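Down below is the structure, laid out as structure tokens.
Should a chain be cited, it is by its letter among A, B, C, D, E and F, assigned in written order, with residues numbered from 1 in that chain.
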């Protein structure tokens, strides 16, 4: 097991029966020996069987997950949604949230870069809400409703853009590839408005679409328009701050305590991070 | 009058009455003398009055316009729309077209770069339809319905993005700045689908949105997704070909016959074009 | 065989005799078994012999080729050349064409990106001539002779830049690496002019060199000058349109009917394409 | 006065005496009439005299300043400094702060982009400290001392890089142009360490230099190394968040209430911002 | 006169006779007074007449020129040419040099960036030859003939690309715009080879073309191929070194001794240079 | 052995004893057979033992080294240092040189790109001093002391940035990653000045720091400030010229005489170089 905390395993001479017996996302019990292959550790499996009840293990023991329970995360998001004063904005947020509430319980926020684990997206939203709350207090000219709604909606369509199981993105959906989660969320805002008879050219609908559409800041990062509302500028930086610091936190957590450097992190200018303490 | 075909005019010592009397987009008759100011010709106006019926002139004598009448352009667009075989696609195109049909009679295709004149957008669509028709015959694997619909819809929301009068863009609308014409058109497709009960995840709705969203090809040119349908690739190049060649045609038309070089053209890598003939 | 339509094969324990017996670009008959190696199919060859007459197969059964016969392609190119009115231009085109006529029968248009098969370059030229013909009719200000000549000459030196066999580029020539096909074609125009006593500063020579030199549009794409003649702008977009749509067509043709997505295509912004039909 | 809140004034026919009598950064009383010149308002001054005591005005009535008094800002910075636990870090921060304490009372944070007013730099530091405090609570893996020290030191040499009066940068110093404030601050850390006999290769010295050197994140933004400590990543995003939101706040404050759009803001992707309210 | 050493002058109320009397590139004698306009000095001319013999001045007193006489420069270039051992290379260099020998006596090396004065191009060549001589001695693996020839030929077509008088470029020629000096020089090499029956695919012809074509190093700087011969790499850096250091030298020479900073220099990353001495 | 002059070797079935017996950077004697693996030659080792005295070989027989002895290189650098007239500059150079004198005897100039061998850094400095000497004679406005000092100091901290053995960089130091050799050298100048009581704002200290800090020319290449002294411009181009031509020389030396093309060279725009001679 290297700094990444992962090790590959090989089971040679699989029988046809065995091939059918095991499926992805199932727990198994294996016996084998550890070898070195191309300078990496590798487990050569000698025996394998499905996990049974007596093994007393469950899938959630083996998956990375956000440090707060999905239920608590969803509750926080809903409570925040209910604090929104503007009725149009609250209605639209509720409509979009209802579309993915089940998936929010388990979807990651991204395939690789950050929060790539069980309930990672909900966790990302909740941490951003904390930061958004602070920023709104520090900068009272910001519209609190818009910040809250923008944070909840900015990645809300990601569970439809990606296919994921147990916090691991396996693929992008056709819809996700052709439209992208940013415009999908924008579509949902339109749907919500039509369904609830909120005029499409009302300030609320336009502002919410703008928040979602511009939150990647630049065209080359996927935003068809650039932030032009004070709250849209804030949303982009709240998102960036949380995503980048979570990459840092995850990289440190995934690096063995004995290592002073993490692997290179693509989202942080391809740099590795050093773990530094002064108290030695 | 220089190579641009424009000359500025100054009327000094305007009275308050006069200031109120004249409005933009009105015809006037002026008398004055031509001077040179900072190496450019300038008309110093000595007398000015509103045009009257006896002057026997009309606004359309003075504005640049597409070489085909707006009525003919709109008819061609509608006829093409009616040729679309797929009923969902035709319904969506008809819905979006109805939103801007009046404005299509006079809106330009852009503020500066190309087709910046009366009915320029409709003219751009019609020329692209001609080219699209050729390409579909040359490359039968392309879906004709999707090409036709994509061409009609790709810039369909521009009249809502811009404010224009007589073919001249005066400003962008708030809506246009915050959402952009690309996502506005995508919104209209969603609206059309909901209105006509076409499922939002039907292939037609997704494909039409994809065509519109990806037609600028790159994120830095405003497209939140890149072309991933054969027809979307074709649409981008049909649009580019028509826009660029129209820039060429317009630049030549606006340059005095006596000049062998046009002014620099921003959309053509900031290069000027040379008028070249071999028959001298 | 994956979506690329290719499968690798391994023949272990080759004898020295066998090593000498087989050469590249020869047909062989093999017998073997299919295995999986690193998640890809692989043929393990057990027996191998040269193809003989009785096998009743020919090399052209196994190579990708343009859908029109090389003879027909060359004839179309020559017929178009003969339609050129301007005698200087026609003379230069004829001179350059004569240099590579034999190779045009089989050379591809590029190593990887597009038309990478037998007679691919001639096919590319012919399809561009069709498109050029349409564009000249739609935009009568374009000089037809210059468009025709530019299309025929734009890649005419590619067969000297690359070494290819049976439509597959094996290497670039020293000459090709040091000068590049763009300047090589420009050199040939100079040669042609000197040979036929056409003044080097005549409009025809300068214009043809400009067409060839600028057809990649930007310096970073290999053009030492940018398009500054109307026809040079047109040539670039005709070339781009044909190359990109051929990439699309080839990618679809090389992808199994059962797959809805092609592999990623480098020349199309590294995106895969989706095969979409509405009639299901 | 346009959206920028500024208006130019012209005083023609100045006498030589008058020319000598008035200096920059002095208060004057003027009388004149307002005119339009090149579509902008302009004051034509008819009388001018120096301000006298009876006018009962002071310079600080006319300069933009941070909303908190310089004394309070400095006190907050010093109190934070004193909270630093690590003695080496505290010593170095104190040494650097002492070098510019007087100038911190009045220097802006930048020439144009953000906090460009009286005590703007101290204000920037204090707001960042508030944000840093929040982030350290939300992300306990961050070293609080390093965050505090990094925030105080990151721009500490700016008052030596720029020459400013009353919050307005008039010029860059030779030293500032040749070395830049980032390396100047890094130099001061070295000086501090040598003066106080802290080893130059101690973790504290290296970490503080790294914080300062990397806080612009990318080489093209002026940082010779990229963030490779968790706290350095945090510092960059704290700085970015505060600078960008202050640009937003300043732009709104400097735009007349009657205008819904601010001027374009260079630091915000050259976009203007819209003032949006929902309660109308 | 500011740091640029230039001052503009205005002559108002010109009579029609006077307008015809004076032409560009003629010497005149003026009388007038100095004023400030838009913060710049300006001469208001009160009297003007043509210079006459008695004024005892000549045009060359007023133009910037290389510090070595044109005759000496040309002689050095020719002597170096005659030292070339390879007869093919020498023949080609002689052919190209003969084409522009007269113009080399006075042409500048560029419109703005460097050596923008009388005989500037010849001076640039001669200084590069000195540097090339040193480099060939330091790095004996370089082919001396190729370095010498490359230096003489690299910009040899510039006098045909630009129109200049007295060392000042007034315009680019049509030929220069459409082909560019790099390919023009390459053409001349082809011409030379054909004229002197040197095979076009001989190593000498290919190498010389490669040297010229690649000397701008990158496509975006105008080179259609990148350096792939050792001597081509050397040529690019010899050219860059001489051009950049001449920009430095010219900027210092054109800046008043009393100024410590030059104006910004576009070719030096848009930076100004400081004049620094230690002996004060 | 391919064009790179390297061949990999495999020793299978290593015993635990053997694993401990051999360490990196020791000489061994092996016996084995040559095989082809993945189209590359590979030595399959059958016997291995440590080299003994009787083998009569030494480590320096097997490492790449600069063509001049380390002692001679160091002596040249010191002699040049002693020629510096300005006492402050000489003192600072001596201080920095003393810090790394031992390592200069063996350190390479870079990990991969150029002078990547034993004493490569010292060799780079010496060749640059030769070039600097020539340039100062050609351009007398340059300050000779500053050029000499800049050349000696520009990479002086590289031996602290990298860990190397026998001319091969094995790693970067923590210090090197967090501060970088450019700022480390700048730190040393500050240290030297403090130690020898040279004022930190003296022209000599500022100029030397500027030389070092700006010598990579652009921010994206690691320089926090851009060259703004004439000598800093010269230093950058002297460094570039020497590094690039050494890459050329090394690539040719490392390519078998029978090959006409070197491998691709990353530092030379990823191009391979052709070995060209005319005398065949």
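Here is the rule we use: a contact is a pair of C-beta atoms (placed from the backbone, for glycine too) under 8 Å apart; a residue touches a chain by one contact, two chains touch by 3 or more.
Because the structure is predicted, anything quoted here is derived from the model rather than measured.
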Practice prompt. In contact with subunit B and with subunit C at once: which chains are those? Just list them.
Written response: A, E
Fill in: Fewest hops from subunit A to subunit E - one hop per pair of touching chains
2
Practice prompt. Report which of A-C and A-D is connected by more C-beta pairs in contact.
Written response: A-D
Worksheet item: Most remote chain relative to subunit A, going by C-alpha centroids?
Response: E
Practice prompt. Let me have the rounded angstrom distance from the C-alpha centre of subunit A over to the C-alpha centre of subunit B, please.
Written response: 41
Fill in: Separation of subunit D from subunit E, taking each centre as the mean of its C-alpha atoms, in whole Å
45
Item to complete: Please report how many Å separate the Cα centroid of subunit C from that of subunit D, as a whole number.
Response: 59
Practice prompt. Two or more other chains in contact with one residue: find those residues in subunit A.
Written response: 174, 177-178, 207, 218, 228-229, 274
Item to complete: Report the complete set of touching chain pairs.
Response: A-B, A-C, A-D, A-F, B-C, B-D, B-E, C-E, C-F, D-E, D-F, E-F
Discussion item. Help me check something: in the complex, which residues belonging to subunit C touch subunit A?
Written reply: 260, 274
Fill in: In the complex, subunit B residues that touch subunit C
86, 88-89, 127, 130-131, 134-135, 138-139, 141, 143, 145, 203-204, 207, 217-218, 226-230, 233-234, 237-238, 240-241, 244-245, 248-249, 252, 268-269, 271-278
Item to complete: Please give the residue numbers of subunit F that touch subunit A in the complex, ascending.
Response: 174, 177-178
Discussion item. Show me the residue ranges of subunit C that touch subunit E in the complex, using the header's touch definition.
Written reply: 174-175, 177-180, 182-183, 186-187, 190-191, 194, 200-201, 206-207, 209-210, 213, 218-225, 228-229
